[in-house]
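Got some structures for you, see below.
Both complexes below contain chain A, partnered by chain B and then by chain C.
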Partner chain A sequence: MSWTRKLLRVNLNTASITEEPLNMEWANDYLGQRGLATRYLVDEIDPACDALGPDNKFIMVTGPLTGTSASTGGRYSCVTKSPLTGTVACSNSGGHFGAELKFAGWDMIIFEGKSASPMYLNIENEVATLLPADDLWGKSVWEADKMIRQKHQDPQIRIACIGRSAEEGNLYGAVVNDLHRAAGRSGVGTVMASKNLKAVVVRGTQGLGGLADPKRFMESVKAGKQVLADNPVTGQGLPTYGTQVLMNVINEVGALPTRNMRETKFEGAAEVSGEAMHEPRKSDGKPNLTTNGACFSCTIACGRISTIDRTHFSVKDKPEYWINSGGLEYEAAWALGPDTGVDDIDALTYVNFLCNEDGMDPISFGSTVAAAMELFEEGVITTQHTGGVELKFGSAEALCQVAEMTAKGEGFGKDLGLGSKRLCEKYGRPELSMTVKGQEFPAYDPRGIQGMGLAYATANRGACHLRGYTVASEILGIPEKTDPLESTGKAGLVKAFQDATAAVDSAGLCVFTTFAWTMDDIAPQVDAACEGDWSTDRMMEVGERIWNLEKDFNQRAGITGADDTLPPRLLKEGANVGPAQGKVSELDRMLPEYYQLRGYSADGAMTAETRNKFGLPG
Partner chain B sequence: MQKSLHIDPGKCTGCNQCETACAIENEGMVNPARSRIKVFNFHDEGRFVPYTCTQCDEAWCMHACPVDAIVLNPSNGSKDVLDDVCVGCKVCTIACPFGTINYNTSTGKVVKCDLCGGDPACAEACPTQAITYVDANATGLDKMRAWAAKTDNAAGA
Partner chain C sequence: MNITLKLYATLQDLLPAGAKRNAAQIEIASDSSLNDIIDAYQVPRELAHLVLVNGVFVYHADRDARNTLRPDDVLAIWPPVAGG
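Moving on, here comes the complex of A and B:
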């Protein structure tokens, strides 16, 4: 067993906390983390419920390898119905919070109902208590973290917390743990806020015993670590440059969406790249990047620990930001930079700090700002709306100003907190929203990387790179190179990535391991840790089952094949430069084959046959 | 050749593999709370620092122990706690200037690093060589090499 086999159920209506045995039948079918929590969610909520109403539930969940020494075995997810997309939401985070929850003896926490007043959950091993959080409400994640530490006087606690943006109803509020790791996407923090739940504090000293075969586990872990160390991406590229290793690479292939995805190459990419983070700056001779940092158990250590230039306009009068904290990762750097046309790395780092400080998804925030900038350029949004901010593409000052507003939910920040889809609808230009199912795109243009168009259109949580990262194959040649401009064959590729990723997430591992690991490296670790036989084939089957369970949830929430589409810009306007020049996303060519491979109907609906094949709940 | 643990905080990423490895080796379970080595994260400074017993020659803990429960292991220089002799008085925890010997409430004994009998699990697990097990007479060799590399021989020419 690598599950603790226990979950905490916290009813916020009645402030009652109960312990339950984990449903091991479901663990056998859905492994843990993403898959297992979705199974609980499907069982316990009406998928059509109001995501911000008391009937939605909010689950924090670990996987069987969370808290083990398997490399990257520290991940947890927040699973709920998304207020941004109306789909199932599953946002994955690293840091140390997930492992600590496991060490306290819990696989999962299910929050239900809504508290009458702000509360936080404090867990010390088997003892869990709801405590008042009136004093923490209205405070940023960083302030609340300090106050909680002051109160508990235990330096070893781990804290997951929401910020002011989520409290103010920002629809892409994140749950931030360990100050700068985040369950970032789909507004999971906003759901937490809707329940009047400010934070979850954990201290676990019980550890994790009872691995199925400890000796074999340690051997497979050691072998896995060696594979990561020997691989050029996980052993060199990611530790040195972080995910930001991609900025120049993706720009070179003409797939770096620029200025609200109007263009596919950014002239300022080098200025905000992973390489630039190593360059000494003029003011103090120090680089943006101080060091790389790891999440629990991770031997890759792609995390960026950065500072902002103290003489930069954004922080010159704000010494509280003269610290080291979580620096730019690729998706955030892209959304805040190329997509808004801003090439000022200090401005981007500052806004990234703000996103962590007040729990906002930087991808959704940056993309929403990009849409607002296009609306501003078109004269639809004016300084009347923005409170005087000249919201022009390329303006670092404007980006910083609106970030401050949005973090606190003030002024025009309220509009930006709606996300790109609702913002563009509000201002009468829905076609300018670069979203799928209401979630903003990440940093790969589907005109230049064709597989990603299908991955975005079909991802169960809306546009997302972490549901089927075919960039690995199409650009990096992992596990084998496919032509990024070719749509033929991508349906199978996308499906394979989607299924594998669902299994990796559900184990409690980081998907970045799959730059080096195949399922043949992962399955032996799961197999040695967990009871039962966890072969590569079974992992893939579990992954596919999880995918279909999520799809089924969405279908019951009213989402159909018609929602599996892309904005007209990507389907009709050709890429302006680069190898994909003139090319659009060939989604219509890929989708029918994909539905067929998935066992869905021609219009993209889950079928009774597929539901039965995977034993999904009826 | 006697070896000693050598820590280079500049290489540490804060992954806690060392803590986990220590707990597995010495407690038979993944439990960083029971690790004899600890990684400290100085967040605002952007530094991670692993810290554990340095096996002092004239060990404060060993000299303070009223029942001689802490003894020198001549094979690797570690100062080891004899569980069947330790009475849990905690005087050693007061005597140690570095805080690296601690009381375990569940066993009633003190615990400290014993270099895993000469094959420290933390060094083995560390992915970045921030923790190494090297010749005790030359723990500064890597630093010397790094500074030597910076020597500008051409300066005088």
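Moving on, here comes the complex of A and C:
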């Protein structure tokens, strides 16, 4: 339903809730979701504020296609200032929560201030109420979800919730909705916790409405779904193998970061791959993967629903984990597996369950554990610090133990909850942190995939694959193959991916559609749903405006071009094996051209000219 | 000569008996082209999307070239896939 044209403003200082009209002028300039909420954030907070203080705001936001029948049109984002990076944070999630918010009649919720005691927001269509959450505080996402359902006795409600990790100050706390979908990155859940806000519960029954041209919308949606169905990636590959199909691909090209990115191939990759998830296990003859699953209105259905082997050490005495729940996605499997050297698929699935259960970003968690393992290997961290855990690379037992500690914010889990950057600084070895702007890397080594080095260095929320996924071109040949070892031409490629992704996110769609869809498939759907002209060119222009708005926020927060860099390991230590053997990231070759294409100064600063060109707020 | 053939995702059922973890040792004529091997193992050419020799992508236009493989090379093939 394009827009409901209204938002909820929840002041947690005063427990007051007000309705406001959506700023349609901003929706015209920034489309929705990621772009629109960032525009509100820029208007309403000082970018230099304390991310965990009451002056930061926390926004849950939908796009114009959220809640529609457009394929994957169910996404929402949590937008705020990140406590992990100090940058703007926009963390995107699927499931059904975003669509339900639309059905309740709301495009966006802005939370401000801090509640004196734990609360949760309950929304039943136009009625929104803050309710006490003292009994929910200290409970996991899964426990709280169950308690809320028992209380409200409505099986149709949708819940977005934080876990114990965020309550305990873990800086990469996630917001988990529908039990195992997550706005996972950059610590958006930790901001929610800082406001004493445990959960948002939504029930909407108002259905669809507000489309600018319903008939044309249905036609464009049908055409878009056909493209997804006919494409071998979105029609067959992703439903069957999920994102985990990449484990063997990225390992084969020698760009699978291994053991805190010291190495670029993992000998155990096949054991934790998408193919391995299909193999029957010895104990009960069942595979790790039970079935695939889809988010709201998605016709791809890449989600993994998995079980853990009941005889596995991690769960043999814990029947509460003998369930079907959200299984391994590639980025999580990489961080928990190759980056820690662990090749035990049941251990990885268990830790992934814990990350969902207590709202932790598995990428940041796994990467932080990897850094701690290197510090342990070097004798900087000892069993005295870890509470007796032998935190060695490759130890599935150690991984599970520290995951349990971190999920609850106990013992050494407090240190791991700092994230890799602060952990390595605390122990005097900052160079061992594999982060950009304080956020941990995802699963692609920028020495073997050169464009990703630039994408990581310049991403507005710190190291991130979802801000400019040049892997699609450099490795997978989508939309066309480029040489992953070549840095020439990558500045333009990265910029194009960054701008397009900003537009896709802001529409309320999943970026995975772009493995089949081009902007020519997306723009007609947005154009039919929204007022005004939404051509492909306009979408790209709006994407670039959103990118620059985020950049401008960061600049005002004190982030400079000097932060657009990579850890020394990736700039000085060559890849140890594979096609990229001996090669480092050629960031220094790509960055000047990128700044030029962006219209930034030579040292990476936003210029008045570019600010004016895109009409950014002064 | 012997090389390692790896077939992944929906192609893995085309591997010869005895393959382990998506990989099999196969014997080929020393002048075999990649397309000779792709055809011999009944991999539909349109599904041989990502073709890597020792981790390096080989474009469609180069897959008929002969005498490019060396003993113990690794040929890995995927249908169109993506993730992230």
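Here is the rule we go by: the second predicted complex is superposed on the first by the 617 of 618 C-alpha atoms of A that agree within 3 Å, B and C clash if a C-alpha of one lies under 4 Å from a C-alpha of the other, contacts with A are read in each partner's own complex, and residues count from 1 in each chain.
As a working rule, a contact is a pair of C-beta atoms (placed from the backbone, for glycine too) under 8 Å apart; a residue touches a chain by one contact, two chains touch by 3 or more.
Source: prediction; values computed, not measured.
A:F515 in the overlay: touching chain B, chain C, both, or neither? Say first, second, both or neither.
second
Could you say whether A:W334 touches chain B, chain C, both of them, or neither, answering first, second, both or neither?
neither
Which holds for A:F296: it touches chain B only (first), chain C only (second), both, or neither?
Once the two structures are laid over each other on A, A:F296 reaches chain B alone.
With both complexes superposed on chain A, which partner does A:W106 reach: first (chain B), second (chain C), both or neither?
Touch status of A:W106: no partner.
Examine A:N248 and indicate which partner it touches, taking first as chain B and second as chain C; both and neither are also allowed.
second
Touching A:F353, do we find chain B (first), chain C (second), both, or neither?
In the superposed model, A:F353 contacts neither chain B nor chain C.
Quick one: is A:F58 in contact with chain B, with chain C, with both, or with neither? Answer first, second, both or neither.
neither
Flag every residue of chain A that touches chain B in the complex, lowest number first.
Residues 67-69, 71, 96, 99, 103, 156, 179, 204-209, 211, 214, 218, 225, 229, 239, 290-299, 301, 303, 305-307, 323-325.
Which part of chain C faces chain A closely enough to touch in the complex?
6, 8-10, 12, 21-22, 47, 49-50, 52, 54-57, 59, 74, 76, 78-84
Across the complex, what residues on chain A touch chain C?
Spelled out, the residues of chain A in touch with chain C are 231-233, 236-238, 240-246, 248-249, 252-254, 270-271, 274-276, 302, 329-331, 465-466, 469, 471-472, 475-478, 481, 483, 511-512, 515, 578-579.
Within their complex, state which residues of chain B touch chain A.
Against chain A, the touching part of chain B is residues 10, 13-17, 20-21, 23-24, 27-34, 43-48, 125, 127-128.
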